[in-house]
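The data blocks that follow each hold one structure.
The following pair of complexes shares a single chain, chain A, combined with chain B in the former and chain C in the latter.
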Partner chain A sequence: MTTYSFRLYVAGTTERSKAAEANLRFLCDERLAGACEVEVVDVAERPDLAEEGRVLATPTVVRLAPPPVLRVVGDLSDHGRAAAALGLPAAPGPPEERL
Partner chain B sequence: MTMDGSTAIERVPTGIDGFDHVALGGLPARRSTLVSGTTGSGKTVFAVEFLARGILCFDEPGVFVTFEEAPAGIRLNSASLGFPIERWEDEGRWAFVDASDVLTDEAPAVGAYDFGGLAARVTYAVRRTGARRVVLDSLGALFARFADAAVVRRELLKITLGLQALGVTSVVTAERPGEYDGVTRHGVEPFVMDNVVVLRNALRRGRRSRTLEIVKFRGAAHRTGEWIFTIDPAEGIVLVPPAFLAASTGGRASTVRVSSGNAGLDEMCGGGLYRDAVVLVSGPTGMGKTLTALRFAATAAESGERCLICTFDETREQLLRDAGGWGLDLRAMEASGLLRVVSGYPEVASPEDHFLRIRRSIEEFAPTRLVVDTLSSLERVVSQRALLDFVIALGALLRRDEITTLLTAAPTGHAVPAGVSAVTMEIAGLADVWIMLRYAERAGEARRAVTVLRARGSAHDHRIREFTIDGGGMRIGEPLNGVPHVSTGNADPTALWPPSARATDRPPG
Partner chain C sequence: MRAEGEPGTGAGREAARRDGISEVVVSASADGVVAVDGRGVIKLCNPAAESLFARPAGELVGTPFGFPIVAGASTTIDLVLPGGGRRVVEMRVSATTLDGAPLYVAALRDVTRSRHAEREMEAALERQSVLVAMAAHELHSPLATISVLVGVLRDRLTALAEDRRAEIVDRIADRTARLQGLVKKLLVASRIDARGGASASLERVPVLALVVELVGEQDGRAGDVRLSCEPGLVALADRQEFSVMVGNYLENAFAYGRPPVEVSASRRAGWVLLRVRDHGPGVPGAFVPRLFDRFAREPGVERVTEGTGLGLWIVRRLARANGGDAWYEARDGDGARFHLRLRRAPGDPGGRGPEPVRP
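Take a look at the complex of A and B:
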């Protein structure tokens, strides 16, 4: 099974940052059965990485692997749209219950 | 700073030619100023200059946050203005925060977000360079990229507050939909509304005319109204009249007299012209204005001094030929390095560019005399107000350098019978000496008449004298008696007639 790799840029330990991380981890468990790596970068601590990644909005999630590289902005609160935007496989079970 | 509420707002001089004069010192310190304008109005140039002149003139590092143009393009466009941005980047005095990346354009938004990434990057760049100045250029691109305008406005407000907390002075640029509607396209104004500068690039009388207006500076004084500016390929933004006014040292007045080039005129003016005088010679075509101007120029060369002639009526060749007809060898004067002729029809450049060209010629050539023949030609391409600004501005520079100046004016358009147009009247009010040439009717004959209507600081001849023109030039003759005084329209008569003149010419009662 392909291992997915994500980098999540957040700004400080705010509610929004926590929500984004929780939502991303939830999607990893649900759609990828945990076969994923999540690296969280706090731009307040590592502005150099924010600069390098050209991050404007936070939270921003970047799918580093597998290719193509995809970016999504926001706290990923809409799981269905977030999964689609990040190119994750379909969720098990009837989709209408999940949307 | 005082505690009684009359706190003077501290200013940060931009270093932009003429702007600080209009802004009475510069932009409000540690605040954001919105610079808005339509596409091509010069917003980015203003922003680039604010940072670059900060480094050049005040040794203040800067951060350029670009949302639109890539840094490579900005570096390239700035090189022609003599701003070595790349070198400054290497020296750690200039940093880009590149938010122009198209990568982020395509990122869809799912759920709530803020601009924490941008804020962190700007803060990082400011700390890294020790920046005192920050530019955000331009907000329009952000609104195009993020669908929720309310979020963008809220986040931009946070960023500007963050910049204030960092103690930096910033310029934020934004688009305007039209020259005279609203301040910005996206309702950006509420969050930086404290300080607003509008750049315009409007079509006026069929020509592009750039103006700058300070719409508001919160709690800070500034000059009002639209100021004409140009974007010079080498000098950047130059606000024309203030750029000249800034050169004025004021107060000083020369007591040295020089010759006008005509002994009769010198006598009428009370013994020659003061060295720092601005002289207006008005009269209809064919009266001898250009002849007077050329004699004035030749006198400089004869005494080993330099004269600059700017002619808007003729080509250089035509002027040389006409001068030859009066026995003046301008070519020889040019060859000796004592004369320079700058010619060009008014229509070939904007009035602001004419100003700059004259100023540059004055700086390069350092003349002791200047001739502008005729000022009226500029009326074809410039508004009356702009022409007056031109004269005021030129006058300030010329007085500082004690350059004796002769301006000629001919009636254009709706001239009053005496041959003095409204704008000439206004210009005359600014000149130190006003010599009027006109036709006077006497015994059924049209005679040429000369009057010195004004000669500031001199006891001059108030009589109307006849004059003739022959191969030797203008010869001033006897007073013409019985000729009615000049009709001067509806202007304030006190501006025309010094008290002494009224006393002499009009017997009491």
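Take a look at the complex of A and C:
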């Protein structure tokens, strides 16, 4: 199974930062059954990494692997569109359909 | 709007055409706008976006912003500024197409600034509505009195004795004067509100001449004023506002204190210091901290004047707008002492001791 790798850029520990991380981890569990790595970069602590990654806004999530590199801006609370923009597999059906 | 492409070339004409489209997209928008393609790479941006990101268009266009996703109407994001700063903006996204390819237009609004502006606006509205309510309240009573007195005059013109008629006319004149004073204060207060903290237009104002002029306007009460002023004292202030400040102090002294009222002006290092002292009971200690507040009125004081609670507030606000200050000096049982400090005009010669002056 392909392992996805994401880097999430946030700014400090604001509600926005926490929401973005929670949403990303939710998507990982739901769409990838946890087969993903999430690295969180706080641009307040690591401005050099923000510059290196050419990050213009936070929260930004970058899909590093598998290619292509994809980048999404926002807190990812719209799971459907976030998943589509990050090229994640379709969501499994409701639990009862899986039985 | 800036876009990729060089002018004069095919790409440049293409860019110009896209500029036309994007002008429509961002029509009259004060928001920062970046338009990104399906991969989230910036294709276009407007000057407001350049200033929001603190980066020139040349640096923004072609850079991956990210595919913007908004849940609901808008979402809040932080812009990462060069040098490590951040700016909180509200992002709205709309989708369109450019040459058949999807284009996502992210409108970014500086939330910090707009929230600040909102609060300012709310505070201004609050002040205005309080002012209007107070104006209506304060104007109502003297107007009602005038109305009754005029009614008496009209109905019993023939029946009233000469002296009784004269008395009624005097009362009408008195109420009218009070109303004029009140309206003047309300106008000054609303002007102060409107201009915020901006400073006044400063000029050289000879202190003694101005004070004498004001004392002259005190009608029958001028004899109750004792003046002293160092010779040649010149303040640097807005003349009209200086006049309002001293006038309000005098009015306050006559309304709440007892004559004689002493007005003294002296030189301090770089300053003109003006003191207005009456021989009344002074201000109760508990009320002193609120004395210069807007609409502050000492509880229990009889409403012998229009007593808007605006007079001293106006003095302090104007004093500060002129680079000076106004304050109260508490001294038990020694009357009320109000101070006003204004900048001394440059070139004002150094003074000798205070000289008593008769108005």
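Annotations
Here is the rule we go by: the second predicted complex is superposed on the first by the 93 of 99 C-alpha atoms of A that agree within 3 Å, B and C clash if a C-alpha of one lies under 4 Å from a C-alpha of the other, contacts with A are read in each partner's own complex, and residues count from 1 in each chain.
As a convention for this text, a residue touches a chain if its C-beta (ideal position, glycine included) is under 8 Å from a C-beta of that chain, and two chains touch if they have at least 3 such contacts.
Remember, it's a predicted structure, so these values are computed and weren't measured experimentally.
After superposition onto chain A, partners chain B and chain C are found to clash with each other.
Of the two partner chains placed by superposition, chain B and chain C are both touched by A:47. In the superposition on chain A, A:55 makes contact with both chain B and chain C. In the superposition on chain A, A:11 contacts both chain B and chain C. Look at A:75: by the touch rule set out above, it reaches both chain B and chain C.
When both complexes are aligned on chain A, the segment of chain B among 133-141, 367-375 or 439-447 whose C-alpha atoms clash with chain C is 133-141. Within chain A, the residues touched by chain B in the first complex and by chain C in the second are 9, 11, 16, 43-44, 47, 50, 54-60, 71-78, 81-82, 85.
By the touch rule above, chain C contacts chain A in their complex via residues 39-40, 53, 60, 63-71, 75-80, 83-84, 86, 89, 91, 106.
Listed in rising order, the residues of chain B touching chain A in the complex are 97-99, 101, 103-104, 106-121, 123-125, 146. The residues of chain A lying in touch with chain B in their complex are 9-12, 16, 19-20, 23, 43-44, 47-48, 50-51, 54-60, 71-78, 81-82, 85. Across the complex, chain A meets chain C through its residues 9, 11, 14, 16, 43-44, 47, 50, 54-62, 70-78, 81-82, 85.
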